[in-house]
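Below, chain A partners chain B and then partners chain C, in two separate complexes.
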Partner chain A sequence: MISRLLTFWMPLTWLLFVTICAITAGWLPLPAPDIMDYDHQNASPGTMVIMPKETTAEAVPGARNQVYWLGTDSMGRDMLSRIIIGARVSLTVGGTAPLIGLVIGGLLGLVAGYFRGFTESIIIGCMDVILAFPGLVLLLAMGFYFGTNLWTLILSLGFLSIPAFCRVSRAVTLQLANREFVLAAKMIGCTNCSIMVREILPNIAIPLCVYGLIIMALMIVVEGVLSFLGLSVPPPTPSWGGMIAAGREVLGEAPHVCLIPAAVLFLTVLSLNILGDTLRGWARPL
Partner chain B sequence: MKDTMSTSITAAAAPLLQVADLSIRINTPKGLVRPVDSVSFSLASGRTLGIVGESGCGKSMLCRALIRLLPAGGHITRNAKVHFNGVDMGALSEKSLRLIRGRDMAMVFQNPMTALNPVMRVGKQIGENLRLHTATARKAVRDATVNCLHQVGMVHPDRYVDCYPHQLSGGMRQRVAIAMALCCRPQLLIADEPTTALDVTVQAEILRRFNRLQGESGMAIILITHNLAIAANHTDEVAVMYGGKIVEHAPTGVLFSRMRHPYTRSLMDAVPRLDAVAGEPFLTIEGQPPDLSNPPAGCCFADRCRYARPLCRRAAPPLTCSNNDYHRFACFFPLEEGEG
Partner chain C sequence: MTVLIVSAITFAMIDLLPGDAAIVFTGPETSVETIAAIRHEMGLDAPAIVRYFRWTLRAVSGDLGLSLVTGEPVWDALMMRLPVTLELLLFAQLMALSLAIPAAILCARNPDGTIDRIVTTVSFASLSIPNFVMAILLVFFFVLRLRWLPATSFVPLADGLTANVRSLLLPGLSIALVEWVILFRVLRSDLITTLGEDFILMARAKGLSSTQVLFRHALRPSSLNLVTVIGLQMGYLIGGALVVETIFALPGIGRLLVTAIYSRDIFMIQGCALWITLGYVTINLMVDVLYAVLDPRIRRERTNV
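So, the complex of A and B:
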């Protein structure tokens, strides 16, 4: 029971929590992620800002008391707000890029594993070309031609993840295509297309989705790494990787600016990996 | 014995299935393999042909060749003739073959654990065949499916149509697989060791049901088995295969009482007996089956045969027909009539 709590419920809860926060960010009582408070730069977590009474001379109209629960960064922007908004970028990249790879790679692998022979050679050959192509060069080129924005990033990462899904899908299909139920389907006169869609696809969907969780974790890390190179979303849009990169400069005096987003990233990736492993174990007996 | 011993194969007018000179070649990394070599036989409607032989003697390949579903790299030689219902199967397009498969010719596989799709409800798997080959209306498919399951002896079929295969026992799964094969009322059922994975009581029940359905619809059955007792009790005629060839073929009663081929004799002797002395070793056939990628020049069985003479190693004996009872055997020096 304890092990199931650790390997399933806790990671799931954390991921749901992050996702819900990212979705509902607009309705939460948070300051905008790009408002700079020059009086409180690098404020430590829990700093409370009490605004002067409206009657006094320094009063700013409409300003309210607030607490920086996770402190502020080197430009005085609220960390909590930035992390929650940044989750949107990380989760969008982590969710969409593997989805592109899963659909395209999964189908290519299915076709390769089912038909074998010439078709398989062509598809596997293309995958080897993608694998051999330096990913960073592709990302730089895409960023150069289409500008560094979220969709360029997602499309490039999705494209680069196609071979991984293709291999998994092909391996599972190879196993299944020799099973008698596929022969039985051929025997009752099903066409190849209907065998692939109706007999094999439902069987490879689960292993592919579980593998997708692990790739999702990888994509979130990759997005963070690319922020260091300026290949992720351009500022001021916050992303976890961008926040870690910016916090690096003030690591000495205000470690929380770097460490808090790093911890959130760490927990999210860890949760995805643990959840992926657990689900893979459950899916195997099929 | 299912029929009387006097039943002769030649009595049927136009046989449902006629196979002449069927050979299969498979290209493998180790070279060309010949799992089936010049097999000829014919089968009339309403009759059951048993095919017996050791593992790897080409029984299953023969069946897959009949339905034209060979594994990758395998092909049927050009001079082979397979006529089903008077139609030359070799001349049909893949599309016409798809129409015949499942509707006129169906197959039951050995292992019910792998013959069903694990992520599809069993009712849907049976319904798929009905949907493809019959004009059953979408809403009537479920009732038709329940009816099929009922016919193969499933108790409370309506309770099980919506189950997934893993929720059923082995016997039930095999019934589902059989229902899948039988739901379109095929003229020819190919059963590839349909009961090997099941326990003996279920075996007998399923085979009896085959015979009953055969009586109702007049379908022909090819029953592959390596259980000689099943062959003796549930077939009209038996073909013994060895090394990809039919070595002896006769009406069941004739074969079991007056076998002529030494291999058939050895197979019979290898059946364990209840009345054998305890502790006595089982009789086995010495040696290994021939390497099908490099078959011997003479008789395939010569290396393991007690009666082999030099001629046996030089030339392959033809499958000759003895004058009585349509008894065919491939041996230069057959056992004497009374010896069995």
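So, the complex of A and C:
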């Protein structure tokens, strides 16, 4: 019971929490992520700012008391709101890039594993060429060529994840291709296409999706690395990797600026890894 | 073959980019005529295929062009920085192995025991820490809090071994602490499988101690997959080196590439990408050879065919 709590419910809760925060960021009572408060740079978590009363001379119209729950960064911007907005980048990349790989790679693997022979050799050959590049170098080059914005990033990450999905889908298809239900479908005269879609696809879908969780973790890490190097989304948009990079400058005097986004990134990746591992264990008996 | 395709893609990718090499070379406020003249001088106005062949021919003879920013030959810059990266990779891999092998042996001895559970959990957590976060954590604790090590100063091997190792300790560790998990997992599961085989039972029945069984009988047949994984992981390791070199300001190829990308130094990027990719392909070839050395069955298969 406790182990299920740790390996399933807790990671799931964290992921849902981050996702919901990211989606509802606009409605949460938070300062905007790009408002700079020069009176409170590198404020430690939980700093309270009490504005002067409306009646006094220094009052700023419309200003409210607020709390920097996670402190502020070196430009006095609210960390909590930046982390939540930054989650949008990480989650968009983590959610959509594996989807591209899942669909294209999954289908290619299915075709390769089902038809074997020449088709298989060609598909595997193409995958080997993609794999022959060290991933990060290819990504950097792609970002350099296509410019660095969210969609090219997602497309190139998705492209790079194709071989991994292709391998998994081909391996599962190979196991299934000679099973009784596939042979039976062949016997009653189903076309290859309908066998693949109606008999094999439902069976490879679950292992592929579970594998997708682990790739999702990897994509979030890679996005983190790229934004850490300043080669992901351009600067005004907050991203976790970018925040970690900015916080590194003040690591000595205000470690929270760097360590809080790092912890959030770690927890998210850890949750995805644990969840992927648990679900893989559950999905195994095909 | 792979090398050819890889070089063609590298070239195509860099060649098609929107920023024009001639503009980078001369600065943004140059007249159209000067740019056209420089384009002609650099051979940039020739068709792409012609330029690709020129580039390949020159690359084979060791001429990768001049850096657009510093003007030094790309080949020399690469040669100068190669030892640093190689040393870092080797060091990191050694540390990862020296963590992974003992851990795997300890765990495989008693699968699902207390030690196994603890180590597996720790490995899971450490896998989820990206390289750059690990590097920052290490800097935070060892440099800023405990003040055990210097922060960012690379000491070349020529200036003494101890100083060199000291300066590579944190960069190497931040790669190794993520890398060891992969090696550990593969070796652990293979060791558990091997320990269930008949010849291990036989060795035990002969009265060999469990240490002897582990080291002399089980380790070698279990290390096959490990070797493959080491080769496959080189891609990630190179990526890791790229980030870690940037963080610790090590003068390696990874940092050269990142700097080149910041300054849109086209020929430098081409050269770096080509070298890294070539290195990666070569390592994987070497792994195949090593495989045959470790497993006599593969050698025999090849001679029979």
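Definition applied: the second predicted complex is superposed on the first by the 279 of 286 C-alpha atoms of A that agree within 3 Å, B and C clash if a C-alpha of one lies under 4 Å from a C-alpha of the other, contacts with A are read in each partner's own complex, and residues count from 1 in each chain.
To be clear about the criterion, a residue touches a chain if its C-beta (ideal position, glycine included) is under 8 Å from a C-beta of that chain, and two chains touch if they have at least 3 such contacts.
Everything quoted here is computed from the prediction, not taken from an experiment.
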{"item": "First, second, both or neither for A:221, with chain B first and chain C second", "value": "second"}
{"item": "First, second, both or neither for A:186, with chain B first and chain C second", "value": "first"}
{"item": "Which superposed partner A:117 touches (first chain B, second chain C, both, neither)", "value": "first"}
{"item": "Touched partner set for A:4, first chain B, second chain C, both or neither", "value": "neither"}
{"item": "Contact breadth on chain A, by residue count: chain C or chain B", "value": "C"}
{"item": "Touching partner for A:203 - first (chain B), second (chain C), both, neither", "value": "first"}
{"item": "First (chain B), second (chain C), both or neither touched by A:252", "value": "second"}
{"item": "Chain A contact footprint on chain B (complex, rising order)", "value": "67, 69, 72, 97-103, 106-107, 109-111, 114-120, 125, 128-129, 132-133, 177, 180"}
{"item": "For the chain C and chain A complex, residues of the former touching the latter", "value": "2, 5-6, 9-10, 13-14, 16-18, 124-125, 127-133, 136-137, 139-140, 144, 234-236, 238-239, 242-243, 246-247, 257-258, 261-262, 264, 269, 272-273, 276-277, 280-281"}
{"item": "Chain A - residues contacting chain C, complex", "value": "128-129, 131-137, 140-145, 147, 217, 221, 224-225, 228-231, 241, 244, 248, 251-252, 255, 258-259, 262, 265-266, 269-270, 273-274, 277"}
{"item": "Residues on chain A engaged by chain B in the complex (per definition of touch)", "value": "116-117, 179-181, 183-191, 198-199, 202-203, 286"}
